[in-house]
Structure formats: C-alpha cells, structure tokens
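Below you'll find the structure I mean.
Note that the chains are named A, B, C and D in the order they appear, and that numbering of residues resets to 1 at the start of each chain.
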Amino acid sequence: MSIAVIYGGTRAGGNTEQLAERALNGLEAERIYLKDYDIRAIEDHRHSEEGFRDRGDDYNAIIDRALRHDILLFATPIYWYGMSGPIKNFVDRWSQTLRDADRPGFREQMKAKTAYVIAVGGDQPLLKGLPLVLQFQHIFGFFGTTYGGYILGEGNRPGDIAQDREAMRKADLLHVQLKERLS
Amino acid sequence: MSIAVIYGGTRAGGNTEQLAERALNGLEAERIYLKDYDIRAIEDHRHSEEGFRDRGDDYNAIIDRALRHDILLFATPIYWYGMSGPIKNFVDRWSQTLRDADRPGFREQMKAKTAYVIAVGGDQPLLKGLPLVLQFQHIFGFFGTTYGGYILGEGNRPGDIAQDREAMRKADLLHVQLKERLS
Amino acid sequence: MSIAVIYGGTRAGGNTEQLAERALNGLEAERIYLKDYDIRAIEDHRHSEEGFRDRGDDYNAIIDRALRHDILLFATPIYWYGMSGPIKNFVDRWSQTLRDADRPGFREQMKAKTAYVIAVGGDQPLLKGLPLVLQFQHIFGFFGTTYGGYILGEGNRPGDIAQDREAMRKADLLHVQLKERLS
Amino acid sequence: MSIAVIYGGTRAGGNTEQLAERALNGLEAERIYLKDYDIRAIEDHRHSEEGFRDRGDDYNAIIDRALRHDILLFATPIYWYGMSGPIKNFVDRWSQTLRDADRPGFREQMKAKTAYVIAVGGDQPLLKGLPLVLQFQHIFGFFGTTYGGYILGEGNRPGDIAQDREAMRKADLLHVQLKERLS
C-alpha cells in the first residue's frame, strides 16, 4: 500500500499543502505538484477518426506516477468554489487515458483505489465547498473508486489553516487512517 | 444591452455550442472560444509582496471583451461533472483581475450583469450536473451577478443534443428572454 | 403500465397540483392526496425487540395503493427548500414497510418503478430546490428506482405556475413521455 | 446567551441525541423533544382570506420556547437523506408564525440567532447528508440566521455513533465553541 498526493495549488507551502502534510505527518508518499509541470487542457477527440493525439506535455508521466499507488489524495485549494484549474486540466485528461491503448485498464485501476479530497478555501468552505465534494463523489462514482473521505478547511492568508481547529483535527484522524492502511 | 458567450469546449461545433447557438438563434453576440486562446492557470500571488505578475497570455484581452457586455452566457461541456479546464482557468484568473489596478471596478461591473449557464454532458447531466449549477450559484453570488438561469443538456456523440427535446425547448425559451432584454 | 401521483401539498388545487395535472393532461392516474389522510410520523423501532408497531393510521392503505403502479409521480410544494412535512412523513414510513412481513419485496417493487418529482416553490426553485432534487436522487438510488426526471416550478400565489413557461413546457414534455410509457 | 436543542428523532437516547449531548457535555440547554408533542402539518392558508387557523396543537408553545434562546441546535436523525418528518413539520409551521400577529418579529428574532445542525445517518452521511446541509443553508439564509456549523455523524444501530471518531471530535470542538459563547 502506498500514497500519492496530487497537489493542485499554485503556491508553494499554501494552506492546502499544510493541511495535507498534517494528514501525512511524515508518512511516505509520492508528492505531485501539478504547478511544476506542463499539463495542457484536453482536446476532445473522443469522436474524431484519428482519436486523441499525444499533447507532448507532462501528463502521461504524471498519471503513470499516480497510478502506481493505492491511495490518491487530491489536495486542492478552492478556487471559485471548485478545484483549481491545473487539477481540473489534469482530471479532464483522464478521458484521454480511458482510450489510451498504451494504458489499458485505467478504469479498473482507478476502481481499486481509495481516494481522499482535501480542499481549503476562504469563503465558507464548509458550505460553499459542498459542490466540490459532490463533484468528486460523481467522479469517483464513475470509476467505482472508494471515496475515503474529505476535509474542507478554511484559510485565506498564508498559514491561516492552523487556526482551523476542526480541519486540523480531521487531518489528524485521517493520518491515523492512512497509517493503518499502510501497515 | 449586448451578449457575450464564453465557450469552454475544446471541439468546434460540439453539443454545447449547438445548444447555445439555438438559444441565440441569430441574435448578435460576441462569441469567445477559449480553446482558440492561450489562457494560463492563475499563479496565486494574492499574498506576495510583488503582487500578481502579467502572465503574457490572452487573458486580459478576453476579460476585457467579456466585460463590455451586459449578459454573459457561459457555455461549457460538462467534463468530469464540472466546467471544462479552459473555462476553469479563465474563471480562476478573475482573482487577478480583482486586484488589477488597470481594471478597477471589476466587482461592480460583474454585479451589474446577468449570467446564464449552458452545460451539456453525457452522464445524467440533469442530476450529476447539479454541483456545477451550485458552483456557478456561489460564483455569481460572490459578485451579486444575477443568475438568470441555466440549461443542462444531454449529449455525448456529436449532434446528440438535438435529441434532447427538453434542453432544446429551454433554449428556445431562453432565446425569447434574451431577445426581450436586447430590445 | 399505470401511474400513481402522490400529492404532498396542503392546499387543494395549488400550483404543484396544477403543474402535475398539466403533465397528466387527462391521463388515467391514481391520485393520492396525502392531506386527506392520517399518516403519522414513523416511530423508529428498527432496533427494538418487538419491532415496529402498527400505528393504526392510513399509511398502509396508501402505500398499497401506490405500489400497484409502475410509475410514481411525487408532487410536492417546496416548503422550506424541501418536500412538505406530510410527504416526508409518508416517505419516512418506508423504513417500516422495509421490515413489514405483510409486505415482502418492497425493495424489489420499488426498484422496478420509474419515479418523477414535480416541485413548486416561490423562492428561486431552480436553484434553491436543488437539494430536494439531490435528496430524491439518494432516495431512488437506495432502491435502484429509475429517476425519470424532475420539474422545478416557480409559484407563490395561487395560479402563479401558469406564468412559468419553462415549467409548463417541461410538463408538456413529461406528458408525452408518460403517454408513450402507458401505451 | 442560552441554548435550545430541537430534537427531531423518534427514539429516546438515539445516536443523534448522543452526539448532541456530547457537544453540550453538561452545558445548560433547553431540550425540546419533538416526539413528545403533537405538532401537526401546516395547512397552507397564506392565501386564504381567513388566514391561518390555530391548529390546537403544541406548536406555538414549542416555538415560543425555542425563540427564547440565542443559539438553536437542530439535532435530527437523517431519515431518507433529510430531516425527520417531525422536525420537517415543525419547520413547515414557521410559515404560519411569519404571519402570526401574536408573534411579531419572528423573522428578526431568527436573524439574530446562531444555528447549528447535528445529523446522524447510516448510509454515507458525509456524502448523502449534504443535501440536508444545503437545505438548512437555504433555510437559515432566508432569515439571515448565522449558520454556525454542522456535524454529520454515522450511526445505524443504537450506540454506533461512539465509533465515529471524527463526529465525536467535532462535537468536542462544538462544545468549546458553545461554552465560549455562553460565557
């Protein structure tokens, strides 16, 4: 059992990252910072004769790294009440992987995983972050991925998340769960 | 009164575009196809000393075009139960415009507008598209923009939307509303 | 194939009823007006030794009438952004029927049905009625009942619904669907 | 500052009650067990000439007790992915109080309060309880009541809630908040 964390934020060391690292609390994990890579928007060629074209970016390398792990932790700041653009572009490309002859079994692999969502925003995330939670519910439901849980945290300025006691405690509980799974 | 349509799709002439054009039905509108432009992900510098940096892409030109109009029609395919990556990147950049000294009054301008959402997807959009509708509710609520309405349509293969009689009729009704507003 | 309409409203001839009758438009249907019956709140005895007790009200007669039909149309005014109290009490009692030795196969019967929701409210039903739509999605999902669709209409004062052109047209489309199913 | 807890459950000492009492942890509060009272469904007479009629039940006494307090804690089991029938009937009657000449200022009183929701269910409450959270968001939004927070807990058989460590810790955090407010 092993963990991959997909970071969707565009700042280093932001509130979302702090909360996710609190959950990891030293556990080994593959950390993927999407902001450090070139991941382009999907070009929808599901219905073109020629099919999808390789976009020559970092996407395939990233999805291969993520798929090696049993547990996926999606850590995204809440931008405009949803996941960040970079993480959305990453997820959108899954439509391509579903038809990628070089990566057969994507759907089955995703079905076998457990996924968590950590999302931090500044404007009432416990209420206004709910559509994001529901969206991930539909995403994981598509594959049959187990939705292990989610944490919505509140933070605006750097470091604010430390003041969100509820989110911090939920991260501590998630840590216990993750540790049990790894052992 | 005038209309801007922001297209978030990555195919030309897709189902979402067909549904939006049915609503326009010949009405004059500024059509912005995000796929034809370079709009980068936001780099969150809300809290950096230097502030946001110009990203040297097409974003500012696009937002300026959109803001000239009273009615904004967001037309996006439903990718993974949310707006497409390109439209998400476009929306994310609003955080930059909110602090852009060259574009003061962004919030007030948005407040004065009426916005509509047209979204088409293949997997039970009337149910699984609801988080997207809720997300736009929060987005428009942030500004005080009037949420004029939304249409969720069903389509997967090119042209499918024509079979969604309910969505087509809602587009016809939206056409009547838009026409009344323009006159 | 036959239809049962479960009316949750507490007024005769209200907006919700008008909209549902527009969808029926003369089709034969068993109309159940919950307001005319005594349906008590559930007493949760799932975990008592003695199990559920007969409450001596009209519930069992009503659920038997509803279950005879293939199509269930739940027509409820939106009270406080949810289904009305009478319809909630009716639905709550399903927990009793699930354990009622005199009514075996309730779950399987519900799975075989198609259900529709018609809900009318006065405060932005297209947006604020969405939690109600989502709730029914979970309810039908529990049984595997097909969620045929829903109509959210706007109406406050008696007769207002006639002004909601979109809802009226959706009712007309539902009529076509219902008619096809019955034939 | 004082607290009223409105219990919507139909069992004594159920999981919801245990979770709410954990949050109170000895704090003084007015506990209202709706199951012990006769609260009838609303009869919608907003538009009748004669207006609402007194229903001769316990509702008015109950609402008067609740309104004396600054903090309202709504504690309901999740029945069919929503609040219980008794609590729904109680809330539905607010439409009557809004027009009750003997209880002027209901809207203003509610606006001044802070409300919390505690809800416990057996079928993935963290995901399938979200429509209930959204519904209360609209309800409190109607009045301008401050939505202080919510706790979704998981429990099916009596006592299960004690195993939901996350919910228990959230209750402990709520206790700290409530205690601070009272002092």
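Points worth noting:
What we mean here is this: a contact is a pair of C-beta atoms (placed from the backbone, for glycine too) under 8 Å apart; a residue touches a chain by one contact, two chains touch by 3 or more.
These numbers were taken from a predicted model, which means no experiment stands behind them.
Put simply, the C-alpha centre of chain B and that of chain D have 38 angstrom between them.
If you average the CA atoms of chain A and of chain B, the two centres end up 24 Å from each other. Along chain D, residues 130, 134 each make contact with two or more other chains.
If touching chains are joined by edges, the resulting network of the protein chains shown is one closed cycle, each chain touching exactly two neighbours. Shown are all chain pairs that touch, namely A-B, A-D, B-C, C-D. Residues 9-11, 14, 35, 41-44, 47, 77, 79-86, 88-89, 91-92, 94-95, 123, 128, 130-132, 134-135, 138-139, 142, 157-158 of chain D are the ones that touch chain C when the two sit in their complex.
By the touch criterion stated above, chain C contacts chain B in their complex at residues 126-127, 130, 133-134, 137, 147, 149-150, 165-166, 169-170, 173.
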